[in-house]
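Here chain A shows up in two complexes: once beside chain B, once beside chain C.
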Partner chain A sequence: MKKQSVVKKFLYSQKVAPYVFVMPFILTFAIFFAYSIVSMILMSFQKVAGANTTFIGLENYKILTNAVFLKSLKNSVFYTIVTCIMMIPIPMILAAMLNSKHMRAKGTFRSILFIPALTSVVVAGVVFRLMFGELEGSFMNQVMNLFGVEPIIWLRKPVTVWITLFFLCLWRWTGVNMMYYLSGLQQIPADLYESASIDGATGMQQLRYITIPLLKPTTIYVLTISIFGGMAMFSESYMLFNGNKSPNNVATTLVGMLYRMGFEQNQLGIASAIGVIFLLIVLAVNMIQLRINGTIGSKKGE
Partner chain B sequence: MKKKLLAGALATAMALGMSFGVGATDDGSTQGTNTFVDGGTELSFWTFQELHVGFWTSMADVWNEQNPDRPINLTVTTGESHSTHSKLLIACQSGEGAPDMADIEIGYYGSFLKDGYLLPINDAVEPYKDDVVMSRVSMYGDNEGNYYGVDFHLGATVAYYNMDIMNEAGVDPADIVTWDDYVEAGKTVLEKTGKPMCAVETSDLFFPQCMMLEKNAQYVDDEGNPNLVTEEHAEVIDYIREMINLGVCEIAPGGGFHTEEWYGHLNDGGVASVIMPLWYMGRFTDYCADLNGKMAIYPIPVWNEGDVREVLQGGTGTSVIKGTENEQLAKDFLAFAKLSKEGCTYEWNELGFDPIRTELWDDPEITDNKDNKFLAYFTTNPFDVLKANGTDITAPNISGAYSATYSTLVSTTYSNAFEISVDQDAMELLQGEQDSIIY
Partner chain C sequence: MSMTKKSRIFTICLFIFFILIAAITLLPLALLAVSSLRPGSDLMRYGLNFSIDWANANLNEYKMLFSGQNAYFTWYKNSLIITVVQVGLALFLSACVGYGFAMYDFKGKNILFLCVLLVMMVPTEVILLPLYRLIVKMKLINNMWGIILPYLVVPMLVFFFRQYLSGIPKDFLDAARVDGCTEYGIFFKIMIPLMKPSFAAMGIYQGMQSWNNFLWPMVVTNSIDKITLPVGLQSLLSPYGNNYDILIAGSCFAIIPILILFICFQRYFIEGMTAGGVKG
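Coming up: the complex of A and B.
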């Protein structure tokens, strides 16, 4: 009887209950994130070989001087920058259009733009690989043919490879970012526009002085996830090139490099080192980014 | 009420599905088994090629017939190549969940070999030693004379000529002996038909590797270190570049000989010849129906008249994974399946793999079998090439850094050499490539 009351006391205790409720998250975080990160950092100083794992100091970090690694780093950064430049204004404008009361068939357009986000990257990658085939009969070359352009070898030349990748990114993610902006737009009170138009502001002025500033929180969010998404890009390049094999590494990204080291060449130590470097880069970039736009560490007086 | 019931039912179904692991084959893997016998030892097997499942399960049945005292219940699991290899690697690394045996593609083999995940199979191979081309076994070995794997096929490289194009150009492939002859013939073909003589891959290495093996040059040295910067390699690259400049050689559409674009191009008669191993016959019968009865197989050209006109390329080594509880049984079964007459006959008949066992080359039941789809497809007999060249044939050295080197070769080296930096000095280019290899 007494024992039960202890259990009961414990269960009904106001102090313990919160911890019980957050336990699932804490456990998941500890097992699948914290442990992995610690283990990755450890492994980055080891030569990982089953039972014969040994510490080898900074040996794995020599990868920093490897030409292919630097190229993949450059690729990831380039991809991130360009996608951020593309993936903020375009969805914003589309969202503004879809939000306008003059727009017709909003639901249809919204669905059409959003559907690509629901397809799997793997399927999209395969379809894009076929669409951007190099023979005359491939979809893109037929389109080019309408403009009188000779068939293009899309997936083996740096410039066209990047066009393909950006096209794929644009096709797939515009809908998602547009949704964020739509929800952001719907939170802007209508009376602001009303008073602006009474004051004689044009549509462009309304966009410039009301819409864009008030969308700032959404933009910060979209920018943050775009940076993550861009830096973490892997599946697109993996599928487009039939298994991480882009010619001359034109589209090998940091994660692609990590995958190649760890899972194709059995160099888990080096792969972990790449992971650590990757973590530091993304962390730094996002800290700077959040700092600049004032989300963290900002002036208290605001 | 109804809705609630439905929701409840769905939730239960989901929970049940999850708890019983329904959808275990979501990753697209499939399984096959032999006819299980009572008291058979269970062996698990992983492969990355659907066609191999039939081979292994049939061989297990034959084994059970011949060895009733040591029966096997074999379960073969297959999946997409990359993911199967990485799963296998991770299983080996963690020491848990690995199968008893596995097929490992040649490009990945080095990764498994260098960290000692495989068992030596010398004793099991020993009884077959004199009947087979041993370089196909010893290549899956180390410096200490241990063998770890056996291939499915000999993988002798030959020249496939499109006789429609050759006849139109008035060139007889039988007259082509050296690479210089080949290039001369290529010029004639180009002039008469406007088509290139051959193609080179930028995403694989068969053509340059063939030329290098003929010069006895390897991508890794005897200690297993990357060895790209060699005179021979530079000569091969310059030679192919020259062929491309002349228009005799093209970059394979799609970048490789296993792409949709390339198969279409080949099937349409877009190229006069292909230099590939004999196992490539299966690609012709599968993807190039229009070329049926038009392709002829001849020995590959060589650098100097009198050289052996054959090298071994490509392949898949089957190995026993360390940690299996049935070492001896797995090893014996492996050697039996791959090296016995029954095994080699199956491989030739069903898979089109040129047999590693030499007695089959002289067996009229095999070599003159009119019903064999491969012999029926080609106008010349591939066994003539095998018989002419004997058994002392150079195989690629795949030890040590080969996996890492291979990865660099097929992702950067050849696309740089033949498509992107065509003007860069070959030696300088190779030095840059070698420096980027992580080993």
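Coming up: the complex of A and C.
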């Protein structure tokens, strides 16, 4: 009885309570995240065959200089760059237009543009795979027919594969990014625009000197999630090709390679090495992002 | 006078432009909805398009879906259970953690919070393989806990709850302590009621994540009665038998409940799904 009350007193003290509150995080972090990262780094230096592991140094990393892996890395980087170029200006302009005082039924349009974000990558992938199907009657081929273009086998050649992937990305994420920009726009004080228009600034000048600079925090955020989302892209390609098997690896991504090595070919060491490279890329991007953010923060503080 | 005329033209152009954008946005879902009224064999032969013979349009695909001759509703049930359990646990545990970070100063707090940010930054795909091997070791393959456990504490939610609670003055806690409230009593009796509005938005955020999650459940489950709805729908993508009937009608039926929820609770959806941007 007495012992129990000591334990209780200990657990209920103000010193210990915070640790009790954050304990779920400490546990899941240690078990699932830290353990995974450590075992991945270890495995990347090993040859794993069943229960037998042998240390092989950098062999796994050396294998990764092969053409297919480099192609997958290039694909991921290309996808990331193009999606960043698309997914920042387009949602920003749409948000600015939607936020304009001339606009009617703002709420309705905002909701409609958000709807694609509710679909899973699977449902979106199913529709896009079929829309961009190779049959003459597939929707996109019907559209091309209006322009007198012969039916296209969309999911075979690199150019049309990328067009499909970018359309899919544009369709799913424009509404969400636009929402970020809308909330960013609402934080810009209206009197800034008033005094600018009194000074004779045109709409374009206001956009250039007020809207875009003040949206910088939003842009940095959108850029960050776009980079991570882009580099992690896999499910979209998996859905379009009904598996991790695009012709001639046109749309095999970094994660696609990781999946192929780790889950399809049982090359655990190589897959781990890919994971480590991916982790390093993520951390590098973060360092850069923190630096940019840091300088902005200090400017704000001054 | 010409100014108001000019602005009226501008308004109309803007409006028409957005009608076009909205139409393009809804087009893929409209294609799906129209196609669900045609037999799947049509789709295999002619492709996904809007040409439909309305006289022959019917609900046969849906009838087949509900006939019980396929695993669709097993997947639906799996997804529903996983989503509900995961949202409940993740909300509660993440709220605890966020509260701990927001309201207390303790040793190691900064390092721990850096860990939260680290987990938030690193895409799950990075640790897909070691995490999978861990779940194998824990014997949780083909088990819903294998899907749920790694996502028990969601860094995004922790971050959000911490932000949300940091607006509450700490004197408030001291006053409660003076009144004889224990540390946990404060959390359960005072804080949780205060956090209710944020639970709605974050619940929807997490619910969408769980309901739509594809890659992790695909890796962790493989038997037909244990997979989730997205994984099951994906497995129907090969055009054999009546796969396409169930695929199209099933895809529609997977979106409809979310669409209804969205129409009813729009504000929470938008708040929840854009919560990350608020910190900007």
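Here is the rule we use: the second predicted complex is superposed on the first by the 283 of 302 C-alpha atoms of A that agree within 3 Å, B and C clash if a C-alpha of one lies under 4 Å from a C-alpha of the other, contacts with A are read in each partner's own complex, and residues count from 1 in each chain.
We adopt the following convention: a residue touches a chain if its C-beta (ideal position, glycine included) is under 8 Å from a C-beta of that chain, and two chains touch if they have at least 3 such contacts.
Please read these numbers as outputs of a predicted model, since none were measured by experiment.
By the touch criterion defined above, A:267 reaches chain B but does not reach chain C. In the superposition on chain A, A:66 makes contact with chain B only, while chain C stays out of contact range. In the superposition on chain A, contact is made by A:49 with chain B only, not with chain C.
Taking chain B and chain C in turn and counting the residues of chain A each one touches, the greater count comes from C. Contacts of A:135 after superposition on the shared chain: both chain B and chain C are touched. Look at A:248: by the touch rule set out above, it reaches chain B but stays clear of chain C. With both structures placed on the common chain, the touch criterion links A:102 to chain C but leaves chain B unconnected.
Residues 130, 133, 135, 242, 263, 268 of chain A lie at the contact with chain B in one complex and at the contact with chain C in the other. Within the complex, the chain B residues that touch chain A are 81-82, 85-86, 89-90, 92-95, 108, 111-112, 114-117, 202-203, 251, 253-255, 259-261, 264-265, 403-404, 407-408, 410-412, 415-416, 419-420, 432, 435-436, 438. Those residues of chain A that touch chain C in the shared complex are 12-15, 17-22, 24-26, 28-29, 31-33, 35-37, 39-40, 43, 94, 97-98, 100, 102-105, 109-131, 133, 135-139, 141-142, 171, 174-176, 179-180, 183-184, 217-218, 220-222, 225, 228-229, 231-232, 234-235, 238-239, 242, 255, 258-259, 262-263, 268, 271-272, 275, 278-279, 282-283, 286. Of all residues in chain C, those touching chain A in their complex are 7, 10-11, 14-15, 17-18, 21-22, 25-26, 28-29, 31-32, 35, 43, 45-51, 93-94, 96-97, 99-101, 103-106, 109, 112, 115-116, 118-119, 121-123, 125-134, 149-150, 152-153, 158, 177, 182-184, 187, 208, 211-215, 219, 230-231, 233-234, 237-238, 247-248, 251, 254-255, 258-259, 262, 266, 269-270, 273-274, 276-280. Within the complex formed with chain B, the chain A residues making contact are 48-52, 63, 66-68, 130, 133-135, 155-156, 242-249, 252, 260-261, 263-268, 270.
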